[in-house]
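Structure first, then comments.
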Amino acid sequence: MILILKSGVSEDQVSHVIDRVESLGFQAHLSRGTYRTIVGIIGDESRLAPESLRAIPGVSEVIPVLPPYKLASLEAHGEPSIVDVGGVKVGGGKLLLIAGPCSVEDPERMDRIARAVRDAGANMFRGGAFKPRTSPYAFQGLGEEGLKILREIGDRYGMPVVTEVTDPRNVELVAQYADMIQIGARNMQNFALLTEVGNARRPVLLKRGMSATINDLLMSAEYILSRGNSSVVLCERGVKGFDSCTRNLFDVAAVPVVKGLSHLPIIVDPSHATGRPDLIAPCAMAGLAAGADGVHVEVHDCPEEAKSDGPQALLPNQYADLVRQLRQLATLLRKQISPLPGVTV
Amino acid sequence: MILILKSGVSEDQVSHVIDRVESLGFQAHLSRGTYRTIVGIIGDESRLAPESLRAIPGVSEVIPVLPPYKLASLEAHGEPSIVDVGGVKVGGGKLLLIAGPCSVEDPERMDRIARAVRDAGANMFRGGAFKPRTSPYAFQGLGEEGLKILREIGDRYGMPVVTEVTDPRNVELVAQYADMIQIGARNMQNFALLTEVGNARRPVLLKRGMSATINDLLMSAEYILSRGNSSVVLCERGVKGFDSCTRNLFDVAAVPVVKGLSHLPIIVDPSHATGRPDLIAPCAMAGLAAGADGVHVEVHDCPEEAKSDGPQALLPNQYADLVRQLRQLATLLRKQISPLPGVTV
Amino acid sequence: MILILKSGVSEDQVSHVIDRVESLGFQAHLSRGTYRTIVGIIGDESRLAPESLRAIPGVSEVIPVLPPYKLASLEAHGEPSIVDVGGVKVGGGKLLLIAGPCSVEDPERMDRIARAVRDAGANMFRGGAFKPRTSPYAFQGLGEEGLKILREIGDRYGMPVVTEVTDPRNVELVAQYADMIQIGARNMQNFALLTEVGNARRPVLLKRGMSATINDLLMSAEYILSRGNSSVVLCERGVKGFDSCTRNLFDVAAVPVVKGLSHLPIIVDPSHATGRPDLIAPCAMAGLAAGADGVHVEVHDCPEEAKSDGPQALLPNQYADLVRQLRQLATLLRKQISPLPGVTV
Amino acid sequence: MILILKSGVSEDQVSHVIDRVESLGFQAHLSRGTYRTIVGIIGDESRLAPESLRAIPGVSEVIPVLPPYKLASLEAHGEPSIVDVGGVKVGGGKLLLIAGPCSVEDPERMDRIARAVRDAGANMFRGGAFKPRTSPYAFQGLGEEGLKILREIGDRYGMPVVTEVTDPRNVELVAQYADMIQIGARNMQNFALLTEVGNARRPVLLKRGMSATINDLLMSAEYILSRGNSSVVLCERGVKGFDSCTRNLFDVAAVPVVKGLSHLPIIVDPSHATGRPDLIAPCAMAGLAAGADGVHVEVHDCPEEAKSDGPQALLPNQYADLVRQLRQLATLLRKQISPLPGVTV
């Protein structure tokens, strides 16, 4: 780390800064510029908290030179990871196409939607059994009943399934039914939940929080990785913006930014990012073009009857059109939609 | 609610919209303007999900005319609430002054800080035993050991204590030791946690999330209230901003906005809002001047040794200076710092 | 427009609202719901200012049902426009590829860069002669000297040229030399400048401001269109965001949002949107995939010597690689990079 | 400045960085840490452009150690400035209270409002003659006619007047009539306008742009100061936020942040910051409590008839109530509302 001292710092303060750095077991390297004095700290930066250094009198700024995450870092890992979710590969040129309704609803509807999205080319089915809803009066999901429906559908169509967990007490239960566990945007910094999911032996889909920086996102991934679970897939799904014409602001540049910093795959979710069905296809294409490892889209066969989030779903035939376009784009980018397990391409 | 239909909507679509509204048990009131057709929905709006209405073909916009919260609403409640926390009143002209270190540390230091802030005029002591940290490698708090220290300090100085809970499994434990349970900004939409805290019989300090609208904040309060816990105090602690010269963007206008919408007391936290000790006093004063029911400030006797968040703490003597100013301002506003229980003013 | 009245509004206030609406020459259509009274205003909404309606006592909200722009509206215009800039077509499947350095520099360097980007496939050359710089001490551009260099280069290589104007007094001068006049992000709401550019007989490249909504952008276009200049091309170049890892936040969804509202072409500028050379190619591809009518990229042959904004430029060979990718994507999308005038494809 | 080199930088790249720094006339001070190499640049940083340094191969980050403004800096100036506007002092404990309608309207109304705000205690009258309107179809102000009305009112009541200029061609004209020239938020980075205003011999009220950092604001002040005009008063009037319940997000912490960086006075404008009359008084009080040197409030005697921005105006009697509160708060803060010229306090 580098400490930039305040202008007009006294010699006593400089000495105290150096003492403090050395007392923490590091070497201090002093550099007096024309206007400011700078202290370089030599040693393993990961053992230092920038905030406590910033509280030393005379210190103006603390500048880390290393990212605060290690296991999530591309530099440490060397090459992009490929994550296997129930036989479907994500990363390294293999694309994940997740589709399904916002909430798990009745089995007949689930069956219809699942068959449609599988036929369209999706390789993972989604549906929420535990729904984080801003209103306590809104539909909260079918709970374990929903998990059972999801599992049956997954088995029937040979597709891995992903569903959200919102409570650390439910992680084990969800892990029994789902091939992949989703951490939603509102829980990206729910550290108790991240820790439990890190202990589970299931791949994790970690969605970026609405006000999370890329660094925050990678630190949340680090929580999961540091518990021994190395199968983490990130998801950009829009951040908070000032223009109400979209639900969130789709930060497509997050995809190449993450690719430059981390080995973890990252997919995009244009349904939540925009909240508008007319924007899903263009933003899905944009995400793939920017380098994403997959696309997450909500699909419902009658959005006006959906138990939640109807307006951000595509109809099955619209989804099929989108997958045709995505497949062509994948070919141009020398990537491939990952085949379902047991399917020969 | 009001449905604004798309321009060029067909008669069939209009009929379908009306059928749909009526099938949900509401009356539809059609109004054809020069350019657009509008459908007013007459009945108990709280039973309707705007999102499913927006998914009906031909509907362009859905405009609610009532707030989605009821228990948190000022209109429903009639007058501002006064919340009692261990004998200290908040709201209705009574001010809450919470002070203490970010984390609970060793008992000697806690004792020194607690005595100092009580002597300065604080009426509640704070300290984190379970710390939500962005890094899995950072100090995570002393856990139950910390709760015990906090309780002892509170009893020794006759001050109620507040501490954060981050895991629904710990709510009962925390409620055994603390007079008030804090929900931190990152957990404002952790609905499992809100539900548990709603079941607890302890007052709750609910901090606004970094990307939460006022409406989101009041909906989270509604979660707690709807479980039967009516002692909720809100806290503005800064939202995500674009200027890195402060840690967050202190949204002081949130105070009068909340006062116009809700009966719940609201305090401000200039420590987290700004992340800079030089800004704490001016922002604390601003919050009180804007109508806040109290101020939450981190205080530490040696910020460079703090286990977490040192740079946003005041020294005890700085805190005493601030309370002197706050007291004068309170008098001007015809308010009063709430006395400690058993203390005669 | 629709007026939602406050809950508890008096009969006198309702009468006053209706009188006021009628005195402005409109019909009022009253609708009393379960909780709120609503007044629909029937007539030509464009003659009404929402703000003065909102100031009528008893009015809670004013909801426009028409967009405030007319000439920029897709609905009014019927189909997407194709803009001709010095023989290069933009819109309707024809793509604009603008490339060149941030500032016009010495003629030799300009010549080298222009030849390189033309050979790579760009169909418009750019360079700033009047630079809006945040610092009064930074290089402010070569002025008319720069315009001359730009014109010579354009003529030599048969490419139309675009350059920014920052002062209404310079519009005529710039229009003498440039084929297209750029309004930069910081001047998007410089209405004196928009008016002058609206009077000029040159196509305009209008960049979105950093805190401008799509509605604001289209209103600024309306200023230009309302003066009789119908050749306006919009440009998304990033809005203000909270994550400092990119210079701005590239709002790729703005492209399909604009396409749904306006007939005007829209291009993207990943150089300014991200400020990082490694993100330019992925974001350019994303923009095209989302439906943009072109891409604006800064290119410099020695970024460390650039007079301004070096770090957001591609090297000529990197630009050539990008155009190869863009061309393939254009084919997939059934679009075409617009040929230079006089060039047979 | 400090250059942090990329991890894995080659020796050739390090040499090239040092050569480049030295060729620019600076000394390079090399420091090799455990993970990164750092180059300190010794010399007059103000002659260096961070962006061109960031474009040198091998450079990862460029960290300035001095602010980029000099004339606006508190450090350079030593103590807070007091600006004199037509005999009214601002700064150093003297408060400026600007009040008046958004636009200059008919002389009778102006007279009524001016008398009312003067009697309430305002010491400067405002009104727009050239209005920056987002719609080309909205009322654009009375132009020179409005300036004349404003001047007459100012003379009649012995109050200095302030009005906005939006076009560099009008600066001289406005300076003939007004005591203070306002640069509005949308023009904060209209550098042509800043330069002209810097040449004028009138005090300037510089409003912060909606997406401007404090650094951006001070750089715009530097433009004016660098032309020789040292009478600049800053104004915080809200930045772009994500919650539509206020028009902008009032950044009250900007006041003490500016106080720590610059000698220039700063006032607050709660009318534009919030856009809601019920929030003006609490936010005005908050601004003063945070250390502002004055308050700018829109006042109109019939907001529903206002030519612009009616809903953010106070009625004259509401304004008088607010000034009573502000006066008490000023006394508590040991400050004083600056008397009108010729008035003995």
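Just so it is clear, A, B, C and D label the chains in written order, and each chain counts residues from 1 on its own.
FYI, a contact is a pair of C-beta atoms (placed from the backbone, for glycine too) under 8 Å apart; a residue touches a chain by one contact, two chains touch by 3 or more.
For clarity, every value in this text was computed on a predicted model and none was experimentally measured.
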Of all other chains, the one whose Cα centre sits farthest from chain D: A
Chain pair with the higher count of C-beta pairs in contact (B-C, A-C): A-C
Between chain C and chain D, centroid-to-centroid distance (C-alpha), Å: 27
Centre-of-Cα separation between chain C and chain A, whole angstrom: 31
For chain B paired with chain C, centre-to-centre distance based on mean C-alpha positions, whole Å: 40
Where chain C touches two or more other chains, by residue: 211, 239-242, 244
Residue ranges of chain D touching chain B (in the complex, touch as defined): 211, 213-215, 239, 241-246, 249-253, 255-257, 260, 273-274, 278-279, 282-283, 285-291, 328-329, 332
In the complex, chain B residues that touch chain C: 2, 4, 7, 29, 31, 33-36, 38, 40-45, 63, 65-66, 75, 240-242, 244
Residues of chain B touching chain A in the complex: 20, 46, 49, 51-57, 68-69, 132-139, 166-169, 186-187, 189-192, 195, 209-211, 216, 219-220, 222-223, 226, 239-240, 303-306, 308-311, 313
